[in-house]
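Note that chain A is present in both complexes that follow, paired respectively with chain B and with chain C.
Then we have the complex of A and B:
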């Protein structure tokens, strides 16, 4: 019983620490503690938010159809989910291609057989969907033609009628002009009015025609949902077919093991031939063998050139934001402490802080990019880059100048919150603590690490939390501009694609970025609570 | 179950047969200095040779693992090639020349492979199109006669000038084919598109129509927002304007200059010097990709283009809808929703010796740079020859072609083995002016608008 109670308190403590306080009523309810109150809390903090999300999804679903853009309507939740699936499928397929390239033995045979079976099925689908697309297009074309035919007829008739009318008017007016008597102002005025009237009339007719034309154009521009659906299905099938035939290639002829085996076989044939040769021929053969061996060793270590998938981009973005965040923190915390300790130093720093703080990432990025690529002119042969590429874990993210420039931009934009909070935290340390330090005659560093930093930590972490949030927002923009591989580049690529599902894919990114931002924030909250203690300076 | 194992046996048997074949190919592989490469491209259909060489395994046949990465704009692409972040890239024909002579970023860039001919269009907004139709009755039809010149645009430009405004048009890069083509089209109708001077690097001095740079994929959006009233860009961004109903392509560069060179595959000279065998291997793969793209059956139907369009429509390549890319790739072009035309040569990737790096093509771009003042001083005829020779590398192309001929991947007639690097003089321009690559100064002086030089 005691154990259970202990469990309850440690659970509640964890919940409190992680900031997931909405879970607390559930725990308490399980222990039967004031069920009525707990139920009410659950209603308020769990059910109401769920209802809110549902209401949002519903509103989104019904309104999105009416927001018309030139790229189609705003995607609804279902289409966004399909967009997510498309992104994820692509990532998965790229992963499988890589695996296929490296796969050996029976597993490879199995996968090859599966892929061939599947390809046969998909090929049927491709044919079916192609037919469906043609049929849908023909149906819509016929329908459009039918709708347009009367309008078009009207337009053409009106056009020739107006053209004739305007021509006739012109002819009449020109003949009238012949009978004008020079000097007769009234007559001239009357004539002028007639001409003006005719001009206005022509303009009116033109307007009428253009309205009609717009009507026709509008009918032509209508996007038929049937055709869109057929095209979507066609794309699904055709893309899978294409992927499968590539995979089959990678499992058979272009498989690494197969290629290595071929090369090994060739070297042994060469070896046999070599043993029976003399003179120049022997030299040539030996040279070929040496070269073939070199190629073989390269082949053995080769890896499939895999394009960046969304999950790789997400990981790289998170890595980049933390790199920038760490750089920013390393600058902000020491300066912040000095500002807090010494008001003269603070006064000296204020103008810089005030000027640099509002500068937008869009301004920092090109500057950072130029400076960083100036410092690292040839990344392929730069010792620092090569060192970073060889590191475990980090190596696969291929840190390049664009990455560093993005990280520096994140640092420059996000360090201000940490700096200000650190300065505030240090400046507002209880005077008694400092007096005690003075009485004990603590040295500068002892004072710094025993008193100043510990008491300022809660505020420093409050600042770090804001900084990380700002950094995450800034990073997406920075990546978009620097085309450093990451979520920002993904969004930009989608925008540039301008395909019918690009908008849906961009909507997916909204949620992706939001959720990752939320998780980062939660992590910082946990840290913040861990360093906060009774009686410390609180936010 | 039994059937399955049997199938596996058959599978491995056919594998063994495959091995025997690949062993032959492997024997022909070059000793590449660098086997893992990264190439850049801009989201345009004419990046196809690079994408196809990767997806159809032509790079792999050369022992290369290539990563193909989309670049946000031409400037970044060039900078990345210069910095070494990219090993090579899909470039505008003018880019290697301009970089080598130091207009813009200076760096020695070379090319041994022309990626394609034609493939651009000039699109105007719906509003301008209506006014053009009002100015020229012939255009007021669902299927107006082509080529459409800028004559019907001229009154609109003049009217705007009287109101103190200048028509704004977009192109993709100061040294892009599009800039020169748009200028050519405007100037052919007597509209001054503006001159570059030492102090005016935007090229707007004396302009009647102002041209500005917008990255290709942004063109439709910029047109829609009203910042520009027309643009010149590669595919699929003209067809996109039609399919979204925001503009009307009035002409293609096929009409401005029939079979004009468009993109090249550029690498930095230092990279090529360090990796000569790799460069040769890459060129081999690209030539094969070009040939694959232009493969046709007896009736002249391009047999691989639908597959190519499907590959290009993947979101990590061009990414536009398959339906949109397919139009121009399979030899059709929509001028309006009602005006679909057959243009089998809208994109030429291989035939008629298209992939050979002709000096005369390079010289044409140099004459245009001089014509519009990007080259600020008069240059001698020899300078044009020398510059073209330092950038265009037919020797690498021919070496690669020779290896392909030995492997049986190309036929003898498909490569201009004995060419001196100059195409025959041609009058296939919208204004009928003759271009002879051997006489750059004479050509320069045959235009009404633009710089003229004394013949030395």
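Then we have the complex of A and C:
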């Protein structure tokens, strides 16, 4: 019983620390504490937000169909969800391809058999979907033709009619011109008017024709949902078939173990042949063996060149934002502390802070990119880069100049909040606490680490939280511009790709970025609460 | 000469040169070693400023403050100050607050010794049930005790107590008074305590020095307390010497209050104007305003 009660208080404490206060009423309700009040709170803080989300999804669903974009209508929630699935499937397939490349022995045989079975199934699907697309298109074509036929007929009739009429008018006017008497102004004017009238009439007829033509074109342009659906299924099947044949390839001929085996076999046959040869032929064989051996050694250590998947990009973005955030913090906190301690230093720094603070990331990025590229002109042979690529955990993220420039941009844009808050926190330290330090005769560093920094920590962390939020926003733009592999680059690739589901995939990114930003903020809130003490200055 | 603390003609003034206000003027005080001196005065008289002078947190504008015959240039652990508003570091637990102080005074102390010593001082003020509590989790009395423990842990030559008991209720107050007296008697040292409670001063001190009303407050004629120790608070009210001192000091303090009010006679008299009411007379009960009691400070008595 006592344990249960203790559990309740620790649960509530965790909830309070993490800022997930909407969960508190549920815990209290489970313990039967004022059920009426708790239900009311649950209604307000859980049900109402859920209802809000539902209302948003509903509005999105009904309005998206009527918003025309360059690539079809705005994706609705269902299409966005499909976009997410497509991204996720692609990532999963890339992972499987890598495994396929590295797989050996019975497992490989098993997987190969599975893939071949599945490919046989999918091939049937491909044929089916192709037929379905053709059928749907034919049906739509027939429908369109039926719709267009009367209009087309009318158009053709009118066109020939107007052409004849215009020809006749011209003939009459030309003959009329023969009877004009030179010098008679009134007669000439009357003739000119007739010609003008005829020109206007011809233009009117053309206009009529073009309106009709547009009507016909519009009918042709109508996209049938059946065709779109058939096309989508066709794409799915075709993509899977393509993936499977690639996988089969990686499991058989292009599998690393298989390639190594073939090469080894070849070398041993070469060796046998070599022993019976003399003269130039022997030299040639020896050279071939040496080359084959070299290839073999490279092959053995090679890994599958996997294209970036969305989850890799997400991880790299998070890594990049923390890199920039740490650089920014390492600059902002010491400068902030100095500013807070010393008003002269603060006065010296104020102009720089005031001028650099409002500068947009779009300006910092190209500058950072040029400087970093200048410092690291050839990343593949740069000792620092090679060192970073060999590091255990971060090596797989292939830190390159674009990455560094993005991180530096994040640092430059996000450090200001931390700097200002640190300076404020240090400057507003309680005078009594400083008096304590004086009575205790603490030295500069003891004073700094035992009094000043602990007392300023809540404000410093409030600043860090803002900084991380700003950095995350800046990073996506920086990656988009610098083509540093990450979420921003994913958006840019989709923008340039222009496939039918690109827009849906970009919408997915909106939520992805939002959710990750939310999680980062939550983490910072927990840190902030952990260092906050009673009576500290809060923002 | 065994005066451990001495103030010679010290004055403290604030403000720009053109408009200087003397807060404390012509202070004279000497405190003997192991003496318990109480400074008594009204709120706002400049008691805390006097304490800052003695601890070295503030320098006098003129005159000098001497500790063992030398002028005090800066604060230090020898002059152990217990601040009026506790000044405990809110991010540290009670024990860590004490440890910080000990560590500052004895930087070379070993970890186990530090731990032992900190526990000793926290136990001394009977806070052993609250070692790990943060200051905000403590009551006012407990905070004051924690602050006292920290000050004692400095092992100061002189204890400077700035209204150490002012924020406490009567019960906690007497308990802490006994604790301070116990500690002082057990481990003799010099104490200067500021208070606004005459009973407390008479009960605890060897000597009581009244501080006159500010601005320009100064230390007035002192009262010797010639009562044997230990003094029993329960029989105190029957002690003729206690009653005599109490009434004398109270009379003196009340006189000061009256004097200062007479001094403040140059306040511009306000014309007696009342807003004219244009509202129609209403038939409702009216209240006569109670005359506001203008009896200065209720703490004295």
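Worth pointing out:
Basically, the second predicted complex is superposed on the first by the 437 of 539 C-alpha atoms of A that agree within 3 Å, B and C clash if a C-alpha of one lies under 4 Å from a C-alpha of the other, contacts with A are read in each partner's own complex, and residues count from 1 in each chain.
One rule holds in what follows: a residue touches a chain if its C-beta (ideal position, glycine included) is under 8 Å from a C-beta of that chain, and two chains touch if they have at least 3 such contacts.
As the structure is a computational prediction, the values presented were derived from the model and not from experiment.
By the touch criterion defined above, A:457 reaches chain C but does not reach chain B. In the superposition on chain A, A:494 makes contact with chain B only, not with chain C.
Between chain B and chain C, the partner in contact with more residues of chain A is B.
Once chain A of one complex is fitted onto chain A of the other, the partner contacts of A:145 are absent, as it touches neither chain B nor chain C. Within the superposed three-chain model, A:13 lies out of touch with both chain B and chain C [touch as defined at top].
In the superposition on chain A, A:440 makes contact with chain C only, not with chain B.
Interface residues of chain A facing chain C in the complex, by the touch rule stated above, are 430, 432-433, 435-436, 438-442, 446, 450-451, 454-455, 457, 531, 533-536.
Across the complex, chain B meets chain A through its residues 4, 7-8, 11-12, 14-15, 18-19, 21-23, 26-27, 29, 31, 35-36, 43, 54-55, 57, 60, 63, 65-72, 76, 79, 83-85, 130, 215, 217-218, 220, 224, 240, 244-246, 307, 310-311, 313-316, 318-323, 337-338.
For chain C in complex with chain A, the touching residues are 55, 57, 74-77, 79-81, 83, 85, 87, 89-92, 100-101, 104-105, 134-136, 154. Against chain B, in their complex, chain A makes its touches with residues 70-71, 86, 90, 109-110, 112-113, 116, 210, 217, 220-221, 231, 234-235, 238-239, 242, 246, 249, 252-254, 258-259, 261-263, 265-266, 291, 294-295, 298-299, 302-308, 373, 377-381, 400-402, 481, 483, 492-500, 502, 505.
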